[in-house]
Structure formats: structure tokens, C-alpha cells
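What follows is chain A paired twice: with chain B in the first complex and chain C in the second.
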Partner chain A sequence: MAADTQTSTANALPPPRTEVGVIGWMHANLFSSRLNSALTVVSGALALVILWYGMRWVFWSADWTVVERVGGLFLIGSYNTELACPGQNCFWRPQVSLLLVTALLGMIWGILGGGVAKRIAILTAVVAALFAFLPYSLERMGWDVRILLLANLPSTAIGWAVARYTPLGQPRWVVAWGVVVFLITLVLQRGLPNVPGLQPVSVVYWGGLTLNLILAVGGISLSLPIGIALALGRRSNLPMVKLLCVVFIEVFRGVPLITLLFMSQTLVPLAFPEDFPQNSLFRAAVVITLFSSAYMAENIRGGLQALHPGQAEAARALGLPGWQTTMLISLPQAIRNVIPAIVGQFIALFKDTSLVYIIGMVDIVEIGRVFISRPEYLPSAREMFVFLAVVFWVFCYAMSYVSRHIERNLGVGER
Partner chain B sequence: MAVLRQYLTYQGIPVWRHALIIQWAAQIASAILVVALVMWFFGNMAFAIDDREIPFGFSFLSREYQTPIGEHILPYESSDTFLYALVVAATNTVVVAVAGVILATLLGIFIGVCRLSPNWIVARLATVYIEFFRNVPLLVQLFFWFYIILALPTVREGYVIADLFYVNNAGISFPSPTASGAAPALVWLALAVVAVVAGVIVHHRLVRREEETGRQSYPFVVGCATTVGVAAVGWLVLSGIFGEAPFAVSTPAPQGRFGRIDGGVTIRAGMLVMLIGLVIYTASFIAEIVRAGIQSVGRGQTEAARALGLSPMNTLRQVTFPQALRVIIPPWISQCLNLTKNSSLGGVVGYTDLTNVAITMTQTAPAINIFLMLMAAYLAMSLTWSLIGNLYNRHIRFTG
Partner chain C sequence: MTTNGHTVSDEEIIVCRDVHKWFGNFHALRGVTTSVKKGEVVVIIGPSGSGKSTFIRTINRLEQHQRGDIIVDGIELTNDVRNIDAIRRDVGMVFQSFNLFPHLTVMNNITLAPMKVRHLPANEAENIAMELLERVGIPEQADKYPAQLSGGQQQRVAIARALAMQPNIMMFDEPTSALDPEMIKEVLEVMRELAASQMTILAVTHELGFAREVADRIVMFDEGVIVEDQPPDDFFNNPRHERVKHFLSQIL
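Moving on to the complex of A and B:
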């Protein structure tokens, strides 16, 4: 019997050349039928034309000097100008925040091991270090800033080593460290009165990508818990709580964000006493967060609704009290099932931070627009907005990339 | 303590452990909290209105607005009232929203189907489209298109295609039908409606005949032929009676030294940028919704349809897509809603939409009242979309 099998394997013909290898792949995917072949030719020609003209524009006809001219302003806006912090170089403050962030990414890499975390940590550190070699147009920027930028490489390594070889390498410490980093960033950016070297900088001078990221990180980390609370409130059987949540969600979802942002600057100050401590950045952050959490609530409600009622019933039958049933049984499963929608909302929030121009804040897009409105840069409008598009695209694509990996690790759609 | 416990019981359970009472207490507490907060806000606002003499009230609506509105579809003069100016602005928003939704849906379905194509290049191109336009803020895209249109040549030096289409930095002009007189135009429009109804009836009849007898009846072709035929006969008869055709074609033509374009229809630059930006952006989301919807239909359905001998196109049109619609409609509605709300970015590219006009108005009229009206208008639009979606959802849901 065994001999028979062996002979038949030995005598078997190789598969036809049109079914395997490159030719087989092309046969299956490009030329499986006459219509498919025609489609291949047309779409291939289209792709080549787009690629040819795109490449020619990027490397030949486009004039990228405007992007170089703006340079470091993209990152921090008017933060380091004489107006914002007179007689002082403040560029190091956002740089120190960046160092803390790369250390945090290093720690996450240390805990999760290789894979996505490693790639993102290394990529961020390398890009940050490469910034040191960019031709900056900022006058008030010395060698120390370049050294701080290069220090992102060792800081990632330190974060990794701390997570690997000390008892701090636990998820709960990383979360705590993340919160601390965010708070330190806020304090560093704002400055403290009466501390030499930490002169207060008014929030109206915060700008550039730093502003987008601060708004996005704050909004993302707060809109998820608020959204969960609203979703649970909307499903609650207490009519009063339910009514409040429904009204909140529907009002915030039904009105454009820029209307809300504009109201936050004209009407909300009226709703508080004149001496109430508040500032425009804080109000904008609150509005963006609440707007996003209304959407988040609907996503999570969708996940809760899709959950089989048997799960909650089984938990109650085991004797878990109501809040434990929700926190330990329903919510984790519901959230796992709607991860794509939640990350989609994170991405939407990050994109929405570009709308703060409406209340006079100079985020990265507004900086580009301000430069383009000068006559000498007007012909470079295309280059400017293509560059901005690529910047946003990198962050948003990274988020959806991470979400796809989380989904795969949690086995969404498989259990 | 024991006495306290004895009196503070309900149905034999201490009140602080009675679920019903805890729930009611929580509800009353939250209601009081919210009411107190709202009253505090309104109190502060009322104080500020009094103290700082902030204008308040709806009397401004009947005043003259006296500010030009850049692009308007309804006729508008600066001497019109605030109320009418708001109506004009709201019309702009509604027009761009409805046109945008129709175009974005068509493009989105096309890209979504391409994404699932067995052809590797087509699927890849669709993926690149989706992943790029979905991950870039609409604001950046609008600015990009705005400067592209701005860089087009002026009206006098613009592109002219066959003396019919004019493309320049003021917008796009193309021929349009114009009524030659009120009576013939209205009569022919009425006839056209009759023609469509007749076509639909013929289509239904033939479909039923095909289903009952199995004879091939070409319901779609015959139905369309009926509609076109009735409309054409009406056109000829009316031309005979009135001595001229009910509609003539008006072609755009540049007039005067500065090359103003008269005749035809012009989609002006602001609206053009809004439409291009909104459609391309929203289509990338709709494409993903369509893809997910089509993938949600079981493979067995497609295989069974192919086994019955349906062509791939017919399988998609008659088997897969109708079932996918159930999954597609709810997220599609929320994209329509998003597109409507995103049209509020019109101001940045010079399109005078509702939000843009309202924000301009706050300089000469009470801001609080204008924002109240603005919120009400957008909430009404959202509710309209939800209503359409829910009605359609009820129409297509599983029955029996």
C-alpha cells in the first residue's frame, strides 16, 4: 500500500503552469474571463496614469518650499514666539512631553512584546529623531532642541527596559503613567507662575499638531467612559435617567460640531458667572468630548443590543448583582464587538480637531491656511494641503491598523 | 437605631436597601440636579443679558438683513428680511445636502462593489480610494478642492467644451431646459407624470404576466418605451396646438467684457467645491457600508442564484443587493445625516450655507436667538432623515 502511494506521488504530473505560481495567480485574479481581462486592462491603465502623474507631480513639478518654510510651526504653532513667551525659549517644553510619550510607547512595547506595539514605538521614535535633521525656520531653537529630539531613541529604550526589568512593567502602571504624562504635558505647556523657566503661556498661543493631539488624546480618553455611561443610561429602566440621556445624545448628534464649537465661545461664557475660571481651549475640549461621546454612546448601545440576553440572564442566575452583570459580563462583550465602530469614532474625533479654527485656534490646518493666504505662497496651496492630508492620514491609518490587530487578537467574529 | 429601622421600612425592607426606593431616589436626585444646573445656567444668562445689555428676542426676524448672500438658489436682495435670508440659506443647505446624498450614494455603491470585485487591480484601487479619503479630515479636502477650483482660468479664458459646457473658476455652466410659456410647460409636465404612471403600470402588468405564464415579456424595456412614447406624443401634440415646443434648451453663453455667463445652469464655485468634497468624502464611508452589507449576505444565496443560471450582474441586482439593503440602510441614514451636518463647513469655501449665514447674522442680531433657531433647524433636518430611514426600514424588513 505504502509503496503504491509513493509511486503514484512520484509519477504525478506537476500542476498545470496556468494554475500555480505567478501565472496561476494572474489567471485567477486578473484574466479569469473576457470581461475580467478588459477590466484589468482599463483599470491597470487608469492606475498607471494616476501613478505616473502623481509621481511626476510629487517629485518633479510640486514646489515643497512652503512646507519647509512653515517647518516647526506645524508642530507647535505660535507657541514659541516672542509674543507667547517673551524672553524665553519654550520649544523644549513640547519636546519633553514628546520624550515622555516615546517612553510610554517603549513601555507598552516592553509589556506587549513584538508586533504592532514594537513597530509603532520604533517608528515614532525614529520619526521624532529624524525631525532633528529638518531645516527649521524657527529662530529661537538651539542645539539643545535637536538633542532633545534625538533623545527620543534612548527614551524609548529606557521605557522598554523599565517595563521589561522592573516591577513597573504592568498594564496598570502603564495606564497610570499615561495619565501622568498627559497631565505633565498640560502643566508643561501651560507653565506655572513663579517658577523660573516655566513662564505661563496663554492657551491662545497653543497650536499646531500639539494642539490637535492634546484635544484628541483628552477627547478620546474621556469620551469612551462618558459614552458608556450614556449608553447604559439610555438602556436603563428608570424613565427620568433614560429621558435625560436620550435628549443629550440626540441633541449633540443632531447639530453640527462647528455650531456647537461656536456656541461654546459665544453662549457658554454667558451661562457662567463672570469670575468663573474658564478658558477657550477648555470649553472647546469639553464640546468636542461631549459631541464624540454622544456618538460613542450609540455605538456601545448597538453592541449591547446585539448581545444575546442569555448572557445577562446567566450572570443573574449565578447570583451576580446588577452592576457586576453589566461591568463584568455585558459591557466587555459589547465593547469587544463594536471595536471597529469605537475606533472609527476615535478617528472621527481626531479629524474633528481640525475644526477648532472656527473659534480662532491655530491648529495645524489653520497654520497651513494662514500661510496659503499670503500671496507669495498661494500657488503652493496644493502642496500644502496634500502635506496636511498625509499628516492626518498617517495618524488615522495608524489607529485603524492598531484596531485591526486588537480585533484579531481578541478574536472578534470568531467566537 | 432599632426604632429608626422600624419606622424606615417599606414592605418590610429598610428603605436604604429597597430597590424600588433607591431607583426613585436616584431619579429624583438626577432630575433635581439637572433642573438646578439648567436654572443656574439660565439665571446667569438672564443676568448677563440684563447686566451687559445683550440683545435678546425674535423681533429681528422682520428687520431688513442688508447683507449680501454670496450664493443663493432662491432669489434674494439685500433689502429682504432676516427671516427670508435664513430661508434662503436653509435652502442652500438642503440643496447641497440632497444633491450630495444622491451623488455620494451612487459613487459609494460603485466603489463598494468595486472593492469586492474578483479583479485584483479594481479591488485594490477601490481600497486605496476608501482608505485615503476616509482618513483625511473633510476640512483639508475642502480646502484642497477650493484651491484647485480657484486655480482654474477666469471666465474669459476658461475651458469651453463644444460651446455647451463652460468650466472656469466661477463654476461649471451647462445647457438646461427652459419653459417657453407657462401653459404649455405645465400641461406637458402633467402629461409627463401621466406617462411615468403609465410606464409603471405597464411594467407591473408585464412582470406579473412573466411570473404567471413564464413567457418572456421584457417589462423594463416596454415600460420605458411606454413612458417615452406617451411623453413624446404629448410633446408633438402640444407643439402643434401652441405653435412652439413646451421646453426649449437654453445654452450658456458669455456676455459682455467681463464674460458673465448667461443662460443655461451654472453650478457656482462654492457649491461645486462643497459637492465635490462632500461626495468624495462621504462616498468612502458609504462604500464601506455597502461592502459590509453585501458581505453580510450568506454565500449560499449567491451560489444558489448562480446555480439557477442568473448572471453575476442579475445575482447582485436581484438577490444580493435587496438582502444587503437591510444591513445597509441604518448606517447609510447616519451618513446622510453626517453629510447634512458637514455641509455646515460651507463657509470656509465661500458657500453661504445655513451655519455660515447664521454666524454672520450674529454680528447684527441677537446671537442667542439665532443659535436656538440654528439648532432647531438642524435637529429638524436630522429628524427628517431618521424618519425617511425608519419608514424605508419598515418597508424592507422581514415580514412573516
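Moving on to the complex of A and C:
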């Protein structure tokens, strides 16, 4: 409706021109008083100066050859070196794993429909494809590396199409597909003895961003359910359950993750039978997951405490048993209320995965650090860390972006 | 026996004998003995802190009584979870603050318990829900979320939600205290219609006009005991207890 046409109700006037549009916004937010106008001008000038010098450094004075040199090592560490995978090109194995994961995400998108699942699938595929444009200069990596990374885009689409147009896309198959993809990924990464092309690669050589992602995805997907169980346990009426949960939470929250990681190498083996297959990666994953679960439990407990007791009372008054009241009424509301805290914990967990360097694992940060400790790359430390910061930022921002959409989707009932 | 137009049978559906309840050291219910007959409409009034809400909350075990007996529809309230759940299925409750589930649509608020507790198929539960929404006058709000409704509409949804379990008894805990005046009327209208349909009703409310018009008995609580229990005419015109006159003079 044009601003100057008469509105149907005689007394309703259009808002004054200074209150609407770009001019109105600027008037209200940037130049509402003399002081604000002065602050706007000064901070604007400051921002321009910072932007100018920043851009000049990025495009002019910075020397990005160190990033080029590290190349594919950022992604998989020494997985594909002569030591880990002698006489073969093993780069395709983590890449095929990634393709399976993006196809799975595509299927979940196809089954659940648009919204959050769609954003997760597309974001993952796009970020994976973006890594195809990293400069790789190691001689063992050719064009196939880039093509396989770019193939994540079509693989997401294929997963989506399979879920949409074939009988395989029924919701009950999703869990099965998840397990299948997990097992294939595991076999691909570990390798199988006596199978040509799939020779075992020791976990010692797993590294780079792949390592960060394995630890983060494992930790995120397990710490949420464990955290929920701990939070419910801490609010339980059974004194022993409550005591155990309190002790667990307080112990794991009260010890620094670094200490836990050091301890993991000696303590985690005690918790499992002697012949249980385990390695440093497994131990680190266990410790990171438990550490994160303790925080998660407190986040979720906070959400449960904030609920009006009338909610549970209304459910009980309808005859719903206690566990259904928890699963259908209390938990969904509690989790929705603490999504920002939960995602904050996910982001913290992802960043914390770079601490595994202290137990000798070579994650993406450690690779960078090793490179810049060489004399010839010493002057490039700044470029290296800026690059690493950008990589972490991309992933963390993606999580935060998805969480905002989850909140928006769930917040329908909240005015 | 007929009072205020309801057919009241002689069968006692709620029996309370010497019910006591303590909150810590505070003696909230100090020996409540009363009974409610099937089809009867009982309005409970009393000053705040008198134990009236606590009393109806003990009847479906939202509060646990520590001494005395409560028998609802032939089932004695004990610590046996099966008895408690059986009674809760049989007693609908409407709260002052509505307590609708904000993460579910109006339709899902109503169908949740019939589907999960009575194991009705979805389409059957939805049919019942639509009938009830029509009965309380807001069928067009089925797909909205509680926060999108006015207070009066929310309370009517809460009544529909309780009715969906097809209870024999409905309890109202100050159902209109949180509402604006023009919305009080629409909720009382629904309650009036319920009373006319022979539902057994226990209502804590300060709406004396409603009590006079609809109740078979008015019960007044003070300091954890029942001080007056009479049909409305006698209650207002010749109360036996001095406290009742005092209370009525304060709120009329």
C-alpha cells in the first residue's frame, strides 16, 4: 500500500516519513542525537581503516604459500603419507566416507523435508565442496582429490532423490542407513587386512580436520543423550541414582579437559576388558564425550528447572505416567529453552578437540603448528593461524546458523 | 434429590474422612471430612491460605495427604501408582494458570492423553477433540498454539483437554482468577453447560454469582477445616458460622 493513500479506517494515519524506510532506520539508530551522530562517524571511520589495513594484508602483504604447502595434510593429517599407507594413494578412503555422510544427510533431508535438515545437508555439502578450492601442492594429490570433494554436492542430491523417489526413503530405514554408513566409514578408515587397496591404517596416523570432525561428531551425538540422562538422574527421587549423577557431573566438570586427556591414556583402559579393542583416538573420544556430557547435563537441568511446575502437574492430572510426562512434556520444552546453551556446548566441544595434541594426536591446529616451527615457514605464523581461525570459524558459525533455524522452527508457539 | 436443576444420585463418588496434610510444619488440612454425590456441583470458597486448593489437589494426588482416607469412584487413594493413575484418568482438572502445553497445538494438547493413556487411534482422538472444541465454542482454533489464544480461549481449551479423557468428575482450581472480566463470562458459560450435563463438579472459585446459580452446595474452608457446608440459599441467607458472614462482607 502506498504511504499516501487513505487507509480504510478513517482515523488510522500512515507513520511519519522519518520513522520508516532506510532514512527512518538511520535516523532512529545512527543519528538520533548529536552524540550518536558523532559516535557513528567516528566508529564508521575506524571500521573503514581496519577494513583497509586488513584487506591490504590479506591480498597484498600476506604470504599464503605456507597454507599451500600444507595442502591436503590439513584435511587428513599423515593418513596418506608413505608411512601410514605405503605404496598406495589412500586419500580416497576418507573422501568416500565423507561422500557417504553427505549422501546420508541428503536422505535425511529428503525424509524430514525442508527446514533444518535441509540446511544441515546443504551446508555440509557446500563446506566440503569449498575445500576443493584449497591449494594442494603435495605431489600425491592430484585432481581426483578436488573432484571427490566437489562430488559431495551431487551425492547430497542423490541421497535426497533416493529418499524421495524410492521405497528406501521410509523413516524407519534412516536409522539402519545411519548404522550402515557408520560401519562402512569405519572399515574404510581403518582398512581391512589382506584386502588389496584397503590396507589397515593405524589410528596413530589419523589426523587433520578429519580427526577434529570425528571427535566432534562423536562427542556431539553422544553427549546430548548422555547429558539428558544425567540431568534426569540428578533430578530423580531415587537417592542412589541422584548421588551417582551428581558425583559424575561434579567430577567431570571439576577437572580441566587437558588433565582428563592426560589421564585418559592410563585410566580409560581400566574401564574396559583387557581384550577390548581400544586406542588413543577411542580414549580421547570417550573423555571428550563424558566431559561434554557433564556440561550438557547442567544445561538441560537448567531448562528443566525453569519449567513451570504446572506443566508436569497438568500432564500428571491427565493420567500420563511419569516417564511420558518427562518425554512428551518436560524434556521437549526444557531442551527448546536451552538450545542456545546446548549449541554453545557443541561449539566449545568442537574447538576443544584441538586439545588432543597434548596426547600426541595430530589435529588440524597441530599440523599448522608443526609446519610453522620449521625455519623456512617461521615468518608465516600469522598467515597460518589466520587460516586455522577461519576454518574453525566456518564450522562454528555453521552450527550457530543451524541452531538459529532450529529455534525459529520450534518457536512457533512462542508468540 | 434435585437441587439447582441437577439430578443428584445418592451414590457418593468422592468420600473424604479426616484428611490431614502438612507442608513441613504447616498444618494445611486439619481433618477434612466430606463427601460428594454423583452429579453434584460443589463450589468451594474461602480466604487464601485456607486449604481449599490443597484439598482438591489431594483428591487427584497432586498433593499427598498424610492422614485420613480419600476414596474416589470406589478407588482408595494409596501409594499404589496404579490406583493413583486410575483416579487421575477419572478426574479431570482445570488450573488457574491453564497449564496448556505451549509446544503443542490446541489439537495436540487435547489428543495427547487420550492417545497415550487410553490408546485411542489418532483419528478417533481427533474426532473427540473437534467435538469438544465445538462444545466450548472454538473449533476454528484447533491448529493454533496456546500462546496465540486469549486467556479465556486457553482456559476453554484446558477444559476440553480435561474432558477428552471422559472423566466422571471435573475439578476446577480457581479457573477464572487469571482472566479479564469479559473472558470470565465465556469460561463460566462453559462450566454452566457442564453442570447442566450431570457432570460431578468440584470448583474452587470466588465467583459467588456462579455459585449461587449453579452450585448444589457451597463449602467454605478456613484454616484447614470446613466451616460451612450448605445449599446456596442457606449459605448466603443464614450462615451458621460467624466467619462466613465476615468473609462474605469482605468480598461482596
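Heads up, the rule we're going with is that the second predicted complex is superposed on the first by the 325 of 415 C-alpha atoms of A that agree within 3 Å, B and C clash if a C-alpha of one lies under 4 Å from a C-alpha of the other, contacts with A are read in each partner's own complex, and residues count from 1 in each chain.
Methods note: a contact is a pair of C-beta atoms (placed from the backbone, for glycine too) under 8 Å apart; a residue touches a chain by one contact, two chains touch by 3 or more.
Treat the numbers as computed from the prediction; the structure is a model and nothing was measured.
Participant: Given the touch rule stated above, what does A:I406 touch, chain B (first), chain C (second), both, or neither?
Facilitator: neither
Participant: According to the stated criteria, A:H308 is in contact with first (chain B), second (chain C), both, or neither; which is it?
Facilitator: second
Participant: Tell me the contact category for A:A317 with respect to chain B and chain C: first, second, both or neither.
Facilitator: Touch partner of A:A317: chain C, not chain B.
Participant: Quick one: name whichever of chain B and chain C touches more residues of chain A.
Facilitator: B
Participant: Now for A:P332: first (chain B), second (chain C), both, or neither, which partner does it touch?
Facilitator: The answer is second: A:P332 touches chain C but not chain B.
Participant: Using the superposition on chain A as set up above, list the residues of chain A that contact both chain B and chain C.
Facilitator: No residue of chain A touches both chain B and chain C.
Participant: Give every residue of chain A touching chain B within the complex, in rising order.
Facilitator: 29-30, 32, 36, 39-40, 43-44, 46-47, 238-241, 244, 250-251, 253-259, 262-263, 266-267, 270-274, 347, 351-352, 354-355, 357, 365, 368-369, 372, 379, 381-382, 385-386, 388-389, 392-393, 396-397, 400
Participant: Hey, which residues of chain B end up touching chain A in the complex?
Facilitator: Touching chain A: residues 23, 26-28, 30-31, 34, 41-42, 44-45, 48-49, 54, 117-122, 124-125, 131-132, 134-141, 143-144, 147-148, 150-151, 337, 341-342, 344-345, 348, 355, 359, 362, 367-368, 371, 374-375, 378-379, 382-383 of chain B.
Participant: Show which residues of chain A lie in contact with chain C when the two form their complex.
Facilitator: 308, 310-311, 313-321, 324, 328-329, 332-333, 336, 410, 412-415
Participant: Show which residues of chain C lie in contact with chain A when the two form their complex.
Facilitator: Residues in contact with chain A: 60, 62, 81, 85, 88-89, 91-93, 95, 97, 99-105, 112-113, 116-117, 145-148, 158, 161-162, 165.
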